[in-house]
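This structure is in structure tokens; I'll ask about it shortly.
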Amino acid sequence: MKFYEDRVWDLNIAYIGGGSKGWAWGLMSDLALEESLSGTVKLYDIDYEAACNNEIIGNRMSDIEGVKGKWNYKAVRTLEDALTGADFVVISILPGTFKEMASDVHEPEKFGIYQPVGDTVGPGGLMRALRTIPIYVEIAQAIKRFSPNAWVINYTNPMTLCTRTLYQVFPEIKAFGCCHEVFGTQQLLAEMLEDMLGIKDVSRDEIKINVLGINHFTWIDKATYKGMNLIPLYKDFVDKYYETGYEYGIKENWMNSYFTSAQRVKFDLFRRYEIIAAAGDRHLAEFCPPWYLKDPETVKEWKFTLTPVNWRIQNKAELEEKAQRLKNGSESFVISATGEEGVKQMKALLGLGDFVTNVNLPNQGQMPELPMNAVVETNACFTRDGIKPVLAGTLPKAVQNLVVRHVYNQETILEAAMSKNKEMAFRAFVNDPLTGNLSLKDAKILFDAMLNNIREYLKGWE
Amino acid sequence: MKFYEDRVWDLNIAYIGGGSKGWAWGLMSDLALEESLSGTVKLYDIDYEAACNNEIIGNRMSDIEGVKGKWNYKAVRTLEDALTGADFVVISILPGTFKEMASDVHEPEKFGIYQPVGDTVGPGGLMRALRTIPIYVEIAQAIKRFSPNAWVINYTNPMTLCTRTLYQVFPEIKAFGCCHEVFGTQQLLAEMLEDMLGIKDVSRDEIKINVLGINHFTWIDKATYKGMNLIPLYKDFVDKYYETGYEYGIKENWMNSYFTSAQRVKFDLFRRYEIIAAAGDRHLAEFCPPWYLKDPETVKEWKFTLTPVNWRIQNKAELEEKAQRLKNGSESFVISATGEEGVKQMKALLGLGDFVTNVNLPNQGQMPELPMNAVVETNACFTRDGIKPVLAGTLPKAVQNLVVRHVYNQETILEAAMSKNKEMAFRAFVNDPLTGNLSLKDAKILFDAMLNNIREYLKGWE
Amino acid sequence: MKFYEDRVWDLNIAYIGGGSKGWAWGLMSDLALEESLSGTVKLYDIDYEAACNNEIIGNRMSDIEGVKGKWNYKAVRTLEDALTGADFVVISILPGTFKEMASDVHEPEKFGIYQPVGDTVGPGGLMRALRTIPIYVEIAQAIKRFSPNAWVINYTNPMTLCTRTLYQVFPEIKAFGCCHEVFGTQQLLAEMLEDMLGIKDVSRDEIKINVLGINHFTWIDKATYKGMNLIPLYKDFVDKYYETGYEYGIKENWMNSYFTSAQRVKFDLFRRYEIIAAAGDRHLAEFCPPWYLKDPETVKEWKFTLTPVNWRIQNKAELEEKAQRLKNGSESFVISATGEEGVKQMKALLGLGDFVTNVNLPNQGQMPELPMNAVVETNACFTRDGIKPVLAGTLPKAVQNLVVRHVYNQETILEAAMSKNKEMAFRAFVNDPLTGNLSLKDAKILFDAMLNNIREYLKGWE
Amino acid sequence: MKFYEDRVWDLNIAYIGGGSKGWAWGLMSDLALEESLSGTVKLYDIDYEAACNNEIIGNRMSDIEGVKGKWNYKAVRTLEDALTGADFVVISILPGTFKEMASDVHEPEKFGIYQPVGDTVGPGGLMRALRTIPIYVEIAQAIKRFSPNAWVINYTNPMTLCTRTLYQVFPEIKAFGCCHEVFGTQQLLAEMLEDMLGIKDVSRDEIKINVLGINHFTWIDKATYKGMNLIPLYKDFVDKYYETGYEYGIKENWMNSYFTSAQRVKFDLFRRYEIIAAAGDRHLAEFCPPWYLKDPETVKEWKFTLTPVNWRIQNKAELEEKAQRLKNGSESFVISATGEEGVKQMKALLGLGDFVTNVNLPNQGQMPELPMNAVVETNACFTRDGIKPVLAGTLPKAVQNLVVRHVYNQETILEAAMSKNKEMAFRAFVNDPLTGNLSLKDAKILFDAMLNNIREYLKGWE
């Protein structure tokens, strides 16, 4: 890495999961739009061919008009190759295939448990965590060995447990987890300003917030725009749209913008707790008792959708066709900012501009009432080679109640996965709010079936 | 108070709830059996006549053969009279009447929520707390004013919130809460020694335990008898009786010995979490998701009973008749040790013998992972004019998960009761594991009905 | 207060100590240079006449060419007048007179104790604290009563104990303490870049630092400029100037720029502890055992000066003459930026631009190894109506050792002053590193003499 | 180990330092007086011959009349032999020889620094720690390997750092440190009862105390005898003997009873801080600034002595002659209780009787204001296979100030010794209160000389 007058050359980025379609292309886009950085991105993927495709697609980008950041993309065959010499490591992988994801999401439906996403908490999130943690153990060990000083950005879900595992295995790691769900809520508040007060063109970073909680179950207890406290306005906004929902939609290029809801869950949680829930409704619903997920009709009433894994399979097929077209040049890559902050964060860590944003980090006191070392999501100051969390304070007790049980469940899952302990994993399973209505017998049947479906990822379990 | 050669004269005890039948007579018994103490017990009760009856009953005791401790009992008309000059304050009251208790226990049954006791957590425990806390606010203020240096022993449920309120109002108070549920589990372990190993006549204080958790949801992570670790033996014991339950029964004079269960809930919790739950099954079941309380049939399978309030009404009538007989001398008082530790604790606090036992106290670090100041139940060293909690350590994470949500709920209830905030009380209501299956609409209907039933105790609520 | 398009009108500032020459004129200057704010500054001072002078001087400023911010200055006779309606409260007072300050600084010299400033720690700082705390108790009570929602900026020394007292008396106060000593160290690092690498015109805010410690004994464990880690460079810089000192001087308009030293104490502390001490040498020396203050010769060797109170008296006389000239117009006010951040902080708190800077606040975990609630100095995020400390981390243990003893001493002083407890004050006196060599007898003599000299400020002490 | 009816057979004790004269003979005595235990003591010593002597002496004891506990003593050649199969490990070694100890104690005298003991803090304690920690690293590693489940009792000084090192190297170790200094203070309080009130024959365990602090700088904030609070009486006792000192002497068989003082330092610390210092005056003086150690005259005034290492050398010679006589039978071993609690603690850990006493353990919250994991001395409950600290609370802030600086210094020393970092060791050296008056140059000269004198114990230091 070379630094000169607000520019950095010869930067090395290792991209683990470098064969991905969505996230890899997004990073390519954002890097192409940034003029102060250039260097090499090493693409590592267990699907080496997919990484090679992205190498071709990535290297073709420099020729596109308007590209400011020129990068060399290179598929590599091993983690060691990817990590050696890396300044940054980006991790964005799919743990397992859609076959396992189908089990995560749909198996519980047989017992009346519905999950719109199934990748964070609930029975699906648990199973996903159990098969992801061993992969992250390997990644953490490789980083410790080959690039201990690199900054590591995680995008994979379950965000909390992926980030947590990295620190558990290699406590000195410089890792953090990023998620755009909170940005979506900032965007909603910006739209609210137009809807309620006619203030147009507010960008989401003008909405200043205090963030606290855990990923996908994050909360905003303070939101301001210039001299204005937005909480009272949000109360009116909730009153206006509580019954109908607010469906105007998100304007920015969110990767899964088609996943939007009518915000009714968010509005309902505000009515209950007087604090803004800051994630998509599909995620929020999964953290609560089955208030919003009792059955498909209930889901409909709350105006969000259960994403079937079939859709993901079809979507992936389409992306793969698109990848072929991009590779052979029959379709040209359209560069557009993703709205993600990864590149901005890299710049800050390189010394090119401090800023404050929300990230997932082990708790060192930023949320004093949550257990130390659990991964929490709060604001943090990004500066050259450093991230310092901001003291976020405490949640209202009634919300703390909802959040803390997931924190302890996630800690239980980590322990179960690290010690390959099936009984401990089952404890986490029955402690989840979504499984509370299962009889013990049914709980055992479902747990065993789901665990069996992912057995090939559970090496060493008895 | 006068002290001379291991004896104390002129001790003053204020008994709040001094018209009670069960607890007051128990204390009289225990005092009568203790030779090193004597003095005056002032009986205060909102039912002054009942206190006067107990004055007569109590004063008659000195004449009974074998009585070692001679005490003067005196009914008083005001808290001020009772407290002024008191060395100890005993609080054992019934907040409200059985009419409210019937609402606590039976109203939720209309919505499929069953509670065997209904005085600690669940919808019933919440309502009982809301009407008890204002009474405890008054008591705490009176103690602050009239007997700030007295030691205060609370026996009233909800234990945690009663004790918590005393400290909230008067932080310098020297109060603690006592409950015999843990003793029952020690007794069970003593019986286990006979059942499994043929070791007879082990007394419960020979079973050494480490206690941690909150009242009625207390846990034992370590139990020994002489040189023996009892946990592996308990595992075998659970295996032996898991299906049938263990029904031999408790031998000691437990006040509610007829409330025994077959310990199946306790055994099931051990199977799940590998730690001994240390309270009666009827209490334990109320803290969990409706695993054991789904419906009356489920309760039957787990071999415990739902105590109907009718029974309590009838029982009370019988006790009142007995009180009359005791008062007019047509029945003689039978003195027998209750198994409670109140008198032993008083002796220790007077300097007549240190010992270690479990009590309810604000958390000052004895359970480092629970919030500071929340009332927890752990061992503590009793010594002259001092109680120092023992560092109990941490619960297994999966159990911590179950416990901590009640801690935060209880803190929410305290805040709601202190600020007379109906919305906050509702948050605690819907956050309870037993109400998780209610639709929001039903939750609101039930909450409003229950709150309405106790409205006369909620002065100042809008 | 009115807010419109990045401007705020009708702002109300209460200035306690509003008759001051240095600080009040500085604030006037900074307000005049800021175009987005306007309103009224109420000047309150126990020397009402001085406040009236400043009213005249302040109101005349609007006529000066180039003034962007127009303010109405108004002397008031009571704290109530000053505080009622205030959006901000600025406190900058001299507790007592130079007579007491002469005792603080010079009385200990009779026993071989030399203090270059004598306003923070050491015997002088203790005495100053004892007479200042009662004044701050009054101020805090007045703020609680008349302007509980105002933001309060303290500039008075002893900074830590003044800020600490405000929170002790009124825990909900929104107060923070500001000091420019850290800025001076940033400035030194900026100059170092020129001296060592020829990089010119670096402004101090381009030097990004992590700040931790207590006021006047603050430390920087991380300093960067763009992509550069400045610690290794500082090591070389220290090597270059360790013996000679670095005397180039500070360029900005620091109020007491003539108080500069040759940074030798700072360099020596770096050699000892490998961390940058971030305050003037005169302050730093007072926190250590008498390494740098053994006698006047030692002070000379370390190249800083003992400021005699005589100089302050003469300086004050000159300022008073200047005040007269400014008032009667024979001298015109020269507006120039002070380098202080007060106005920038006000803007941020009004919603006109978030930023991160170092301030003095009660410890809520930003320094997890220091006692909670003690006032510490770290970075914090300023945003609309909110200041959130950044988690600063921990000091190296050997430095923690030096710092923590002052923290406990300050807490002892607070307790002594609040309870008017002479014996407790004496304990703090003998626990100070500068008094360690006194025999107990001498310690008592000196303490009594100093206390006697400030007796009129110690109402209610026996 | 076999357990039957309150007796334990075949117990295995590993004695590291088993060639010692004082401590080994004391343990032999105490074991001989205890009827419920028997088994084997393996004696390991770097002086194998000394261990062999003790084997002979120990095995001869069973023949002495009145011996209740029969033990088999066996000298072994390796740590592995000693530890394998051990139920308990006792560590009582002399790190280095009297040559090094002479340097620790007398080298600083050249610079006016006087230390009565020189084994805990001060320059001597530091040097002793630096050469002891590597030995304890080895011992901890051996215990981890050969007897990870054994209970480990440490008697070696510096107590705090020896115990701390064991936990640092092997965090799961079941170790604690024992010291009789607090017992001496209990004994003093017992004598006070006779002196002041004529109450005779009070034994020290009847004096109930709350203990808090660090070894040799331990404090008692609460002391009672039966119904009596002893603090006011101690105040009178101090008044009576403050000037003259109290020289009646200790009655029990304290190993170093000839080391008594007139308690004047203890009395002076009570006058200063209103809390009882609970260690011998010779130790206490070393933790303070040179209030009591300014020069030999000052020491004399405070009525304690500086123990010259010459005396220790001569004493050792006498003990060696005695060892020869005991071995060859020309002198018979006189069994008498030492007053130490080691055997009582072993019994409790075996399940033969719970009790509460003071021990040195890592801080897990028993002293919430001291750093976690630092070794502190407080009461703890001993029970079968478990020690649970009692929450001791907090020291008065002015005493906390004195204590905490030593805690951080000891943590610094640990870090320096573990990382073989000379500069960090020097920081601890200059941070000690006894070296505060040295010029930096002198500090460096003394430090280098002392370090040089122990260089053969500092393998791997540059």
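We just call them A, B, C and D in the order they show up, numbering each chain from 1.
Basically, a residue touches a chain if its C-beta (ideal position, glycine included) is under 8 Å from a C-beta of that chain, and two chains touch if they have at least 3 such contacts.
Remember, it's a predicted structure, so these values are computed and weren't measured experimentally.
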| field | Graph separation of subunit A and subunit C (steps between touching chains) | value | 1
| remark: Distance between the CA centroids of subunit C and subunit D (whole Å) is 46
| message | Between subunit A and subunit D, what distance separates the C-alpha centroids? Give it in angstrom. | response | 54
| field | Multi-chain contact sites of subunit B, meaning residues that touch two or more partners | value | none
| task | If every chain is a node and every touching pair an edge, decide which shape results: line, ring, star, complete or other. | result | ring
| query | Name the touching chain pairs, please: which are they? | reply | A-B, A-C, B-D, C-D
| remark: Listed in rising order, subunit D residues that touch subunit B in their complex are 3, 6, 8, 208, 210, 222, 224-229, 350-352, 354, 356, 364-366, 368, 379, 381, 383-386, 388-393
| request: Please name which positions on subunit C make contact with subunit D in the complex. | output: 268, 272-273, 289-291, 294, 369, 371, 397-398, 400-402, 404-405, 408-409, 411-412, 415, 424, 427-428, 430-431, 433, 436-437, 439-440
